[in-house]
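Just so it is clear, A, B and C label the chains in written order, and each chain counts residues from 1 on its own.
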Amino acid sequence: MSKTTLISVAASLALTTAATAQTEIELWHAMGGALGETVNQMVENFNASQGDVQLTPVFKGSYEETLTAGIAAFRAGEQPNIMQVFDAGAATVIGAEGATIPVQTLLSENGVAFDIEDYISGVRYFYADSDGKMIGMPFNSSSPIMYYNVDALEAAGVSAPKTWEEFQETTAPALAKAGYIPLAQSHLPWIFTENFHSRHNLPFATNDNGYDGLDTKILVNNDAIKAHFTALSDWKENGLFEWYGTGWGDNQTPFEEGKVAIWLGSSGSFGGLAKKDLGFDFSATFMPYWEAVTTEPTQTFIGGAALFAMSGHSAEENAATAKFFEYLSSPETQVFWHKETGYVPITEAAYDMAKAQGYYNEQPAAEVGIQQLSLDAGDNTRGYRMGFYVQIRDVMNREYGRILTGETSVEDAFQNIETEANQLLARFAKTQG
Amino acid sequence: MKRAGFTTVSLPVFLLLPQLVIIAVFFYWPTVVALQSSFYLQDPFGFGSTFVGLQNYADLFTSREYHRIASFTVVFSVLVTFFSLAIALLLAVKADKILRGAKTYRTLLMWVYAVAPPVAGFIAVIMFNQSWGPLTQFFGMFNYTYLVGVNFNDTAFAMVLASVWKQVPVNFIFFLSGLQSIPRSVREAALIDNASAMGRFWDVTFPLLAPTGFFLLIINITYSLFDTFGIVDTVVKGEPGNNPMTLVYKVYVDGFRGNDLGGSSAQSVILMVLVLALTIFQFRLIDRRIHYT
Amino acid sequence: MSLSKMRKLKLSMIVDHGVLILGSLFMILPLVMLLQMTTIPDTEIIKTGPTLKIGDQFDDNLYKAMFEASGFAGENSGLSMLKNSLILGIGFAVGKILIGMLAAYAIVYFRLRFATLAFWLIFTTLLLPLEVRILPSYEVVQWLGMLNTYQGLIIPLIASATATFFFRQFFRSVPEELVEAARIDGAGPVKFFIDILMPLSKTMIAAMFIIMFVYGWNQYLWPTMITTDEDMYTLVRGIKQIVQVLEGAVVPEYGRSNVLALVAVIPPVLVVVFFQSWFVKGLTESDK
């Protein structure tokens, strides 16, 4: 057979496949309720935008449930093409090399241009390996930011605090006097531990925050964070801070009801807050920092979750997955996602597009997360990588709850967290053996 | 076996087969797997694993937190068992005494048997809602700020209350049927011998109910240990935090939520030993009675 | 009877009824509260909580809960969860009774060489509830590729010999003369089982069915682990979803959630209440 006929046969074959069968791929995600509808909408748009790939999104419950379902399916050989994994599960999924195809590899193998520098600084390395190779595609990316009730701050005659010192000395007393509970937050491990270290550029764990090896030790038992929790429990005693339990919503509700003046939540909470009829104006700004710890505060890193391409599928299906990732990271899709949900856009191009559309003139608070993720980076700001981190967070939540209900001292609590977390890390290292 | 049995050989094998296959696959196999994986630490995806001998057990026995959870489980079981038995006994004695409306009361007091534990937990979540829960407001009248999900004891009380509510009906049914099976002659004799109703209850009725009560004791302990999972899970809203939890919930949290297969399997094995001990104790003292599991 | 004694008697009757009424209220009020909340708009409930007011939202909420799937948990409507709950409840009860009866018949009425071994193999399962081997059971079901299937949901729950044990007790109480008479009449084991034993066991079967149906319907931990596809959710498993969604919703949909909770409760309650005497008899007799 001559070369030309071979090519033409190949071409006609390719045409027939395209005409007869679309490649069907599946995405397992943990986005319930309104977020799930936005995911469905985005996927419908993707399916309509081209004819080769048919993507089906499947809601699998909470983040933990989605991860467990995905692992079980993998062991049974029935894994989806794409799985959403949250920040705390990153070590588990990235540790299992061979379970996933690094997004960077997937894209370049399928001829999609990839440059990690296109991504917003705080987004780049959280789901990357120690060499900086991106493994998971950041999906619903958020960072903890400070929301405040504009009316409350006006009534108290203060502005949003830049530092915790300012909060303690000026903002909080004035807000308390005006009849508000000055402060609440929704996720102590994420906001006041992981991102606390990043904001102050403090190391969170050995081995470069755990990225460089399995024999990692957590460094959470340090003076800066202990001073922070001592301050928190003092504030709580003096009515300057309130804690409504470990649940996210239980802490958000009092802010929405106008009882709490300042609430630390996710930049991804913006969409929900904006849709509610709150009865007061709200805005948002950066997370405060302790001037006593640093005068050069750094960026925070992303929370939320990423999409991982699971291995064990045909080249054709992997190409389809790459195609969806390409669509997902396009500026148009990112801006759509950003506006609908409040999650930050992951690329600079998407950010520029939203800016050019004048979106932040209408909604200045929507920009805070991205700006915070784009602040100066430091040695300790790219994220963390620790195994059994779901349990480590559970330990933190438990000990923090005990501090705030007066059942334990800050000193003992952090001693416990350190001991138990290191034990969990050592156990995790053995699971990888 | 009956003396006058059939002697066919193949038919009984055929009859037993479905039962044997199911328990082999879904009882014996998992039990062996639990034992085996309790000696390993394995990567959830199945790539790596290390044989660690008894380390998973050692970690548990030296963990202060595991001890705390175990002691909470004991306290919780004692409270749930005591209150659901006591309330059910009181109601059964009263229901046995009255003539008019007995059937209506019986229906009203037993239907909650059919309510699933997580629904009981869901009701507790609403009752103790921090901003408007009716029971939160009730405690507020006594100047007590009730904070479910924040305060350990407040959350524990909500769990106990929901668990008792769900368990009173079963105990009530058993106590009532126990009372009604006390022969008329015995009651009449007691009526002559003992003038006070209280005296009659303690001298005659209570001893006659003791076997029922003992059997129920085991049922209630098993209930508090295992069936309350749905209540614990809904009351803490899936976030353990500093909330109380039971041993079974811990198995779930570590194994299913945290993907620590080895540690969770070791906890399963510990529970197996515990249940085994409890069952042997039960068979020894009141043989031949069993419960629904 | 003297007047004072009469008065005392009357007083004690009032106390008796008082205690029983209080007990009944303790049992019923929580459900009444759930129901009241479904009649009020969600936007109002999240400000006031349950009150004594009765609104007109019940129909809307019922419709939303049963037929609308989106916005709540994706693709599962109350109706599909109701279907799954029924499949689980009935499938579990029928499977358990059928398998238990056959095994008990084999053990009681046949001379088998390995009868003792089979007996112990089967009755050891009474010692360990599913909860203590939950994770490995999950792994086994996963290896067999039965996650998110009805078989995976139902069969592992059947792997305990309670029904076998009850039928064994019951068959042993059946007079022996019956077997002898049947044999003299020339009836084989199959004919004996169908024509004589089955009719005798009717009440027992009915009682077991009610108890097992309620037990299966109310399963929570196992379905929570085994079903992750929403179209496989049962109502009771859906409660987990309800609690999670109430947490983060823009306006928590108490109306809809409470309707679902009530729908999860009503069928087993009706079964228990309507077949009360069978149920009570089955529960208290078979436990002896």
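The rule we apply is simple: a contact is a pair of C-beta atoms (placed from the backbone, for glycine too) under 8 Å apart; a residue touches a chain by one contact, two chains touch by 3 or more.
Not measured: the values here are computed from a predicted model.
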Among the other chains, which touch chain A and chain B together? C
Please name the chain that ends up farthest from chain C once chain centres are defined by their CA atoms averaged. A
Mind checking the centre-to-centre distance between chain A and chain C? Centres are C-alpha means, answer in whole Å. 41
Can you work out the whole-Å distance between the CA centroids of chain B and chain C? 15
Multi-chain contacts only, two chains or more: what residues does chain A have there? 62, 75, 247, 250
What are the residue numbers in chain B that touch two or more other chains? 131, 237-238, 256
Where chain C touches two or more other chains simultaneously, the residues are 138, 244, 247
For chain C, which residues are in contact with chain A within the complex? 70-75, 138, 142-143, 145, 147, 228-230, 241, 244-251
Under the stated contact criterion, what part of chain C meets chain B in this complex? 12-13, 16-17, 19-20, 23-24, 26-28, 30-31, 33-34, 37, 47-50, 99-100, 102-103, 105-112, 115, 118, 121-122, 125-141, 144, 155-156, 158-162, 164-165, 172, 176, 179-180, 183, 188-190, 192, 211, 214-215, 217-218, 220-221, 224-225, 236, 239-240, 242-244, 247, 254, 257, 261, 264-265, 268-269, 271-273, 276, 280, 283-284, 287-288
Which residues, counting only chain B, touch chain A once they are in their complex? 41-50, 52, 59, 63-65, 130-131, 147-152, 237-243, 253-254, 256-260, 262-263
As the complex stands, chain A meets chain B at residues 62, 64, 67-68, 71, 74-75, 92-93, 95-99, 243-247, 250, 253-254, 257, 388, 390-391, 394-395, 397-402, 404-405, 407, 416, 420, 423, 427, 430-433
Taking the complex as given, what residues does chain B use to touch chain C? 1-9, 11-13, 15-16, 18-20, 22-23, 25-27, 29-31, 33-34, 37, 87, 90-91, 94-95, 97-98, 101, 105-119, 121-123, 125-127, 129, 131-134, 137, 165, 168-170, 173-174, 177, 197, 215, 222, 226, 229-230, 233-234, 237-238, 248, 251-252, 255-256, 261, 264-265, 268, 271-272, 275-276, 279, 288-293
